[in-house]
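The two complexes that follow have subunit A in common; it is paired with subunit B in the first and with subunit C in the second.
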Partner chain A sequence: MSFLNGILSQVQPTKLSFTGDDFMYILPEFIVLVTACLLVIVDLILPKKSRGGLAWLALLGYVGALAAAGYLYYADATISHTTFSGMFVRDNFTLFNEIIFLITGILGILISPTYSLKRKIPLGELYSIQAFSVLGMMIVGGSGDLMAVFVGIELSSIAVYILTGFARNDRGSAEGALKYFLLGIMATAILVYGMAWTFGMTGSTNLREIGRQIASQHSTSSNMDSGITFAMLLLLVGFGFKIAAVPFHVWTPDAYEGAPTPISAFMSVGPKAAGFAALIRVMVEGMPTLSNQWTIIIAVLAVLTMTLGNVVAIAQNSVKRMLAYSSIAHTGYIMVGVAAYVNSNGVDTNVARQNDSISSVLIYSLIYVFMNIGAFGILIYLQNQQGGAEVDDFNGLARWSPIAALAMALCLFSLAGIPPTGGFFGKFFVFRAAINSNLLWLTIIGALNSAVSAFFYLRVVVAMYFNPQSEESKSKLVPTRSFFLTAALVIICVAILVLGLYPDPALKLAQDGATPLFQVVKAAAGQP
Partner chain B sequence: MTSITFTLVISAIVFAVGTVGVLLRRNPLVQFMSIELMLNAVNLAFISFSGRFGTSEGQVFVLLVLTVAAAEAVVGLAIIVAMFRHRRRIDVDDIHAMQG
Partner chain C sequence: MEQVILVILGMLAVGSALGVVLMPSSIYSALMLLFNLISLANLFLMLHAQFIFAAQLLIYAGAILVLFLFVVTLLNPEGEHIFRDKRKLQRAGALTLGLVLLIILAGGLIYLITGGPSFDFAPDKPGAYPYGTVEAFGAGLFTQFLLPFELTSLVLLVALIGSVVLGKRR
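Take a look at the complex of A and B:
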């Protein structure tokens, strides 16, 4: 292995230093960490009756973290600052991901209380573990080093394994948790083996340094390729599990169906977005030189993911399981955006086109947070009222709860990508990026899949508006009001409409978010 | 064979044994142990690369992997116990309340 000698001479020890600024730049993460710890402590002190107030503490923490992230953005909108010896990067990509994860956290808190109280799930622990999960995702979003990617992904995943099995009296919950756990940690092992090989081939765990090493080795010799390609494949498999891409999706339907519904909503958006953030950080910042190879793999996986997710979703009678398969399909749409990173028609490094690709991934993830938690939110509403989660349980919802039916219809139209909802623009941006990268075939498959998906989304709408409510369902109906759930659904419906009618500000923010990645890529390739 | 190649081959073999164990064994506890084996293979790879480069990054990574593996063990055993409470025996072939 003589090639290692060449790397050895180039590896330089990095200087360790911490300053007060370092802590300034992780302020949002720090606030979430303090909130999570406070929730554990206050939960112990408070008497059982007044623990409902913990939701306010959690919300305060998330909103405070959002405010801190916003403050850092307004203080310097073009910020790109490396902290903690390259472990954490504060730039606009970090910011956009923090917004996604904090909104996920806020909505996740709002939809939980009524459902959890009915099933005797301890709320304080649920909130604090969820906050740790959000913290892990935020670390992934701002990671500048493989170690930060690993620790962040694990912090968010382990927390979600616990949450999945939180309904201890429910057999499905434990079962879903076990399946998720075993496959999840196996994915972790594969992922970290890929990180070991990446480290072994480049001599560094810092993503920018890895990018530089691969670029320089690529230009001088070709005998490195097999080792680094092996590493890249292992990393892709690991990330594939985390984002639930076919064929690494087998845990998804059972984990989503078994978990308490508010947790299904949370884990169908948060860890998925974190997986994409990690994928983009590692692949775009660390391995831009190999982008011709990994985009092809992602494009193929995207086709499988979209098609399997949509086709199997048609056959589902449980709305919860249908939403699980639909979330697999949405992973596929987002992967189309990632695959658009490289122009399939010859090599070019047009930054505007690449920016379109990454910003479409970001904005789709944001819109997906709202519409998917919205659909799960109405499901929670229905389960609070009468317990069931089958398509038939939606029969006649428009009669006895017209506003809930309208909100569900809005979320489902958005998931199907029908204008004027946010989901339409999400798909529009992703497919536009693919067309600009000459991936017309992928766009066509994606559009056909959208048409298929409309079938099973509209099936629920038809049940709500045209089928009569059964007598059995009427007898089970227990009117339950929840201030938090209503608030969450109002926020979601407004957000879906705003993103559908006026997506410009969010799009601008997503484009800003994608920009710092390409400065890194250029620097790695030695361009100004 | 140089020493790094030797340790890397060992690491690859251990990783493969772990993977086969996860896929073939039916007891969640044994599957969990196999995954621990995979993580140890990763640690071996990190240490041999790290020794070759003479930097500490790989060794720090090993400490992180060990810590995370411990956290996983705690959560995993808790989930397996919860599972056991429901059905008094654990075997992944019995776990099929949800299908489709």
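Take a look at the complex of A and C:
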């Protein structure tokens, strides 16, 4: 006993690191965690026939988490509270990202069941691992520390590697999963190396502290330490892999094409948005002093990403692969928004302009969730009915399923950025932010790319409305109904139209979401 | 006393490192590497870096070396000896590079002993634990880094569920 007392007296100097308040501020994350664990357990108890109910449990968890996040917002709309020794930050940026990820989770659940049952994919584990992935992304969105960024990214990535390989009767699924896994862990190694360099140069893993250290080093010596620039480059490469930016995109087409289609839909939006959240948290909060360097790198990568994604997408006959390249292209558009953070005419810290840049990234990510999952959703509908995923399989869709064709057309118009859809406003905000930052060249390249992208999106629309359905495809037709898929598509179409006609509330929320970042930046520079 | 143990451990480490290269059979080389890692771990312990000591034993001696032994016994490569290598150019290159490395390391060591920066590993605050000790590590893990630490368990849980699902017999 005296031995134990001796140990306890030694441990005395360190105090408990969290309080009850900390738990309240991570309530949405906690709900998702409980849901994920419950899904595994309930899956074991339930008899096989009633496992369809698991989808309701997962939905309940996500909606509950959304409600909790909303409650925390309405309780205090200007909240900015660090918890768990600075690991997790509860502010409006966290909130907006939580909304993106939870909606991704909800839509991801809704589009899964029919497709997965047909291919004997275990639903309980699918929902559970997907919920863990959403949890990891939410941690990334609210991270205030490199350690939280890393663990959150790993949690979401490892879950998605597993999900990619879930269709075990399909060779492509295993191949895609292995490629994604191998390249993903390499990216992780580069990322963590960059974090180690950052820690070595600044002596902290806390993003705010890193920002302060770099600012003070910068003010004392005019020559910036090249070590921190190296760390920044490594971090950019690591995040580049996660958001599938060219030239770090090579895993994308195979992983998207190999994965079960609902998973492709999920991983084309969720982990991408999480990658952008991590990029913005680390670069804007941790390295604002170096913003002249990282914005120019991101601008150049954005040009490459947009151009390669759109040009290669033209040549694709598989719609799934085309959507994979289109998702690369959309990474490029979002990167334009990040690059607009710095005014290329010279240093200014106009907060309104910077806010435009970050909020355009946020709102584009949100709109992208709806339109991309929508396009994948119709693809799932088509695969449920007749199996194929080529452009030719869309021939005559407007004849035998006019509503599905209309929904697909809406999603594709939105992806191409044609008004009055949400996609138009997404592009509008991103390009407006770039023009305000005197990045006219980047905007022109982006607009040209949008014009190119219209070509391959409209190709599918033409196939749906003007080409006759082949006899072979008619014979394969097996009518399948799915309540969940229909519900998802209705939600998506309404959201695309609402965001296209009346984007103000969402934009206001995105601007609120970007605000707390600049308070951190100001504090790091020593301004009130 | 400490000095004597340090010197003995150092000699053991250098000797076993030479043994890794010079042993005729790959298995003996691997075992010498184990010996080398253990003496290095004890050197860390003498320097009061208890956590690195434990990590060295667990990760290198425990996990990586066992993997090496598996590979060696499975592949059973033919014994190669450094002095019986026929390729002259390669031998000359290896010797030159080895000498350069030796000079760099020795130079660094001499610089450190004679006029380099001096390191102070003592705790700078009263009550704080010295860097690298088990106490400092544990305190950090369960206070400042509690959230990532707990999340790591979820990463393992996801990997576990995933491997069961993917590895299950169809």
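Just so it is clear, the second predicted complex is superposed on the first by the 509 of 528 C-alpha atoms of A that agree within 3 Å, B and C clash if a C-alpha of one lies under 4 Å from a C-alpha of the other, contacts with A are read in each partner's own complex, and residues count from 1 in each chain.
To be clear about the criterion, contacts are C-beta pairs under 8 Å (C-beta built on N, C-alpha and C of every residue); 3 or more make two chains touch, one makes a residue touch a chain.
Just so it is clear, the model here is predicted, and its values are computed rather than measured.
Using the contact criterion defined above for the overlaid structures, shared-chain residue A:Phe456 touches neither subunit B nor subunit C, since it reaches no partner. In the superposed pair of complexes, A:Arg168 makes contact with subunit B and with subunit C alike. Within the superposed three-chain model, A:Tyr25 lies out of touch with both subunit B and subunit C [touch as defined at top]. Once chain A of one complex is fitted onto chain A of the other, the partner contacts of A:Trp197 are limited to subunit B, with no touch recorded for subunit C. Of the two partner chains, subunit B is the only one that A:Ala189 touches; subunit C does not reach it. By the touch criterion defined above, A:Phe376 lies against neither subunit B nor subunit C after alignment on the C-alpha atoms of chain A. More subunit A residues lie in contact with B than with the other chain of the pair subunit B and subunit C.
Of the two partner chains placed by superposition, only subunit C is touched by A:Gly152; subunit B is not. Overlap of the subunit B and subunit C interfaces on subunit A comprises residues 11, 13, 147, 150-151, 154, 158, 161-162, 165, 168.
Touching subunit A in their complex are the following residues of subunit C: 127-128, 135, 139, 142-148, 151-152, 154-155, 157-159, 161-162, 165-166, 170.
Every residue of subunit A that touches subunit C in the complex is listed here, in rising order: 10-11, 13-18, 33, 40, 84-88, 122, 125, 128-129, 132, 135-136, 139, 145, 147-148, 150-152, 154-155, 158-159, 161-162, 165-166, 168-169.
Taken in their complex, subunit B has these residues touching subunit A: 2, 4-5, 8, 15, 18-19, 22, 28, 31-32, 35, 38-39, 41-42, 45-46, 48-50, 52-55, 57-58, 60-61, 64-65, 68, 71-72, 75-76, 78-80, 82-83, 85-87, 92, 95, 97-98, 100.
Against subunit B, in their complex, subunit A makes its touches with residues 1, 4, 7-8, 11, 13, 146-147, 150-151, 154, 158, 161-162, 165, 168, 171-172, 174-179, 181-182, 185-186, 188-190, 192-193, 195-197, 199-200, 203-205, 253-254, 257-258, 312, 315-316, 321.
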